[in-house]
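Input: structures, listed below.
Look at the two complexes coming up: chain A is in both, with chain B in one and chain C in the other.
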Partner chain A sequence: MSLDYVKFSPGFEKFMPKEYRDMVEHGPFGKKVSVSQMGSFKEILEEHPMCAGCAMTLFIRLSMISFPNPEDTITVGTAGCGRLAISQAAIPFVYGNYGDQNGVASGLSRGLRLRFGDKPKDVVVMVGDGGMADIGFSATLHSWFRKEKFTTIMLDNEVYGNTGGQESGMTNRGAVLKMAPLGKKFEKMDMVGMAKIAGCAYVATVVPNNPRRVETVIKKAVLIAREVGPAYIQAYTSCNIEYAIPTDKVMEDAKNVEGDRYQFSEYITDDAKQYLAERYGYKEFLPKPAAAVTKA
Partner chain B sequence: MYLVADINVDICAQTSCKLCTQFCPEANTILYNDQAGKEKGYKYGAAYVAVDRCKGCAQCVWVCDNMAKHHAITMIMIDQLPKAAITDNVTYGEKSTTALLASPVVG
Partner chain C sequence: MSESLETAVKTNPQGDPITSVAAPKPAAVQKDPHAEAKKQRVVTPEYMFFEAPRTREFITGSEAAKEAVRRSNVDLSIAYPITPQSETMQLIGVLYGEGYVKEYYRGEEEYGVMSAIAGASRAGVRCFTATAGPGTLRGLEPIASWPGHRLPAVAMFTCRVVNAPLAIQPDNIEISYLLNCGMIVFHAENQQDMFDFIMKGFIISEMNDVTLPVGVCCDGFFVTHARGYVHMQEKGIKLPPREAWRGAVPVLDAENPPARLSRDAPVQKSNFMAYNIHAVWQQEVWAAVERSRKYINKLMGGLCTAENVENADAVIVASGSAAAQSREAVRLCAEKNIKVGLIKIRSLRPFPTQELRQLCKNVKLIVIPEFNYVGWLAKDVATAIYGHSKAKIIAGPHVYGGQSMPVELIVDEVESGLTGKKSTNVPLSAIMGTDVDQAAVAHFMQNI
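What follows is the complex of A and B.
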């Protein structure tokens, strides 16, 4: 976990595959890259078996570009579609048992702090809605209540995609799925509300049809989780297979869902705003100059 | 056979707006060559597809048609593409990439 692991071992350079050489020489490590430069540098996400046109894939791709220090980042995942791509990036990936990701990430982030002190090492959990809101629910909530400092990202496709279409707590009421033929009987869980109650310092909802917004949300979350407190991002990442969305309509669907139940929202505690302003120069959070005195 | 995305340089190079790659789900697939179209007087370069990584979802077509409104991308059967970029022939530079075009079908 440092720039050292993205160097060639002396003498081995010519034996490395092209993709690896491109990554070392033209990848994002040790540089600042942004979504506006996409297509001009070598991304660290490699080929993977996620379905064609999957919005979750796009979100993962954007996230990998948005991590503030990819060379100092570890991702944690679990069973579910997302890990098929997250594990195929040049970032160490820890694969937890189904649902234990926020427990694993708690230990990892504490251990890294003990080992590296103030040098930031970012732990980012990326897990599906089933793995997080159902099976991993208690580990997730407890990590937030304990104020564990790492980022939790829910890849919310509103279904168990990887196992063929069971409903999750995040499925919408009434939705009929292949393995939930009677339709969901209960409301979608309010994980955003719970994240705030449990004490997250940053909570955001986002949809991948706005790549620049995904970028700013991920950056803020990861930076805040370094020192202020837990960060939670809930991203709508549709499953075009289980919801039968034609692949060329995936972004249209994202736009519609954004207008419906997935409006962009961002909650930042005052401590976190102050920290972003002072430490990372976020102008939007600098204290406002005193308002001009208005005439009586 | 299967479909892949194909970008018309003459249309794309008029703006080279770079929207499509921000929406392609696959990494390292829609790339930019800032020299493309220069010989015809275009200034901005153009996008191209590394077809070995394209999964044929046509999301880029939707983005170019509906968001960029440039209509530069079509889906085409891979064996109907006489020449295309593939990852092995892509060279990364400081701020741009280039690709040697070759037949994407082996044999």
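What follows is the complex of A and C.
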């Protein structure tokens, strides 16, 4: 959980496994890496037990490349497919109980701030749609209302994938799944709307077939969560098993869904825009003098 | 904006009896509300517990808990106003306002609170929370996972009724749910115990070879709301801070257990290695509970205390408020020339098995009064001394659902246990290991 931590102890270098040496020498720690450089550095998540063609895994990989300071980042998860991959990454992962992730992250981020002061330690929650919108709903909403400063990412495959394909709150109305034998009887939950109402400083929806967009969204979210307020990203990460999407059609499906119910959207509060512009040089959020004054 | 608001409402307007005796005067000069807290100096646990001069105060159990936290260098505390409530967690809010606790908030409910305590303990800071009755059960899933994740913290359980129908009265049935979590569990008899057990709990919890959460239980109302004398050190000293690196395991390190256990492929699949790894980890958690014995002996003076046990015909074994009632029963028995001793159990996990075997070796009768229906303490005592004592064990009297425990009930159990003559035919107790008295049950059923 710090740059020192991922270095070798002096004298032990040659005894470390090759994987480990590769991670220290060619990994992203302490460097600026980008999704456009994929293949030229060792990623913090490589091997994983996920299904072939899993869009969620691609999204998790892209997210981890995009973390601004991977050596100072802790991920928090709960039961679900996602954690099978997230737990394999070379950064700390917290797995507690069912749906507890935003509670754990609240205590964790406050505790880390007490210990490390201004030195940023990024806490990123990554959980599935069921883990967040169903079993973890209360902790999620309350952490947002409390303005807890960490990032929450929903890996939305619109189904309980890990337990074998049951309806979740994020499933679309009418979908026939286990536990919804007659089709789901109510609409997909509007977590994006709730995130805005609850006071998130940054809210975005993305699909994984635009890596550059995923990267900018993750970076903005994590940076905003450091000082401004809670950030929420909702990503469509299809389950090609439960929705029977052929492996070679997964990206095509993501594109279709993007056109249907997952258009890219981004909501940033004025505070967050100002912070990104002033602190991290985001030019697009620099105030436009004349227009801004008349608008205000 | 939220920052400035927060500062303004930090101090509990109700104040508390200790700090709000003098009404605040409209001061011309802005005083630093954290001034006193900043002056606190760190002392060793040995000095704090055994050498520091103490003065006596007449305070409630909730205030005793607050004063313990004030001197314990607590970093973070999370509150929830569960019904039934004690003042404890709002008084910790006063400490936050005064700067004695660095971080504090009101959580959404116990599941969220206990999860956040788990997160904060992983961050390496010293944590405290308190709950009661239904709150304990609501938070039980995270609480039960604290020991496996090796998370030091102190949680206070001010026991109340958890069963339906609704009641808010004292009843310590919830302790039976906590006993098998793998955490260390103390049972405070009075306000003084509450004060001592919390402070000592932090030190024991954070010992390298322990690294476990500590639950400090008391019987709600009797201890939390009532006043008692508490001998306390001055406010100007505090325990050393938590040093997370001293922990037995690096809790956030994905390369090492316990975090490693969720990433290793075998644990994610059902096979022999997965079972074996989990089994070994459970053994280690309970071994850590065992290793805490030496610190409990050193800092708390033993897992149990024995009063008048030598040459006694009968002993009463009790914990919590039942111990207070039993002490009075011992006095009444002495007036009747019945030789009865009292064993007060302070630590329920680890359990004083060897101590009880030694103390109960020659007694004829053991009476175990409890503030719950099921008699969880009696079961533990009977298990501990099985084969080591020929004493008749009476599980009871039992009171529950908010009933108080008249001392005479305990005296009656002792007398009738020794003589066979019972003054009441209401089945308040059971002789363990023998058949239920069907006649007594029938009589009871006919009269309700």
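To be clear about the criterion, the second predicted complex is superposed on the first by the 287 of 296 C-alpha atoms of A that agree within 3 Å, B and C clash if a C-alpha of one lies under 4 Å from a C-alpha of the other, contacts with A are read in each partner's own complex, and residues count from 1 in each chain.
As a working rule, a residue touches a chain if its C-beta (ideal position, glycine included) is under 8 Å from a C-beta of that chain, and two chains touch if they have at least 3 such contacts.
Here the structure is a predicted model, which is why all the values come from computation and not from measurement.
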Quick check on the chain A-based superposition: chain B and chain C, clash or fit? fit
Tell me which partner A:Lys147 touches in the superposition: chain B (first), chain C (second), both or neither. second
What is the contact status of A:Ala90 with respect to chain B (first) and chain C (second): first, second, both, or neither? second
Vertex chain A, Cα centroids of chain B and chain C as endpoints: angle rounded to a multiple of 10 degrees is 130
Just checking: does A:Ser40 make contact with chain B only, chain C only, both, or neither of them? Give me first, second, both or neither. first
Tell me the contact category for A:Asp100 with respect to chain B and chain C: first, second, both or neither. second
For A:Glu25 in the superposed arrangement: first (chain B), second (chain C), both or neither? first
Just checking: does A:Val250 make contact with chain B only, chain C only, both, or neither of them? Give me first, second, both or neither. first
When the two complexes are placed on top of each other via chain A, what is the minimal CA separation of chain B and chain C in Å? 16
The residues of chain A that touch chain B in their complex are 18-19, 22, 25-26, 35-47, 50-55, 57-58, 61-62, 64, 209, 211, 247-252
Of all residues in chain B, which touch chain A in the complex? 18, 21-28, 30-32, 47, 53, 55-59, 61-63, 66-67, 87-88, 90, 92-93, 95-97
Going by the contact rule at the top, pick out the chain C residues touching chain A in the complex. 2, 75-76, 78, 102-103, 105, 107-109, 111-125, 127, 141-142, 145, 149, 244, 252-254, 259, 262-263, 265, 268
Chain A residues touching chain C - in the complex, by the definition given at the top: 1, 49, 74, 76, 83-84, 87-100, 102-115, 138-139, 142, 146-147
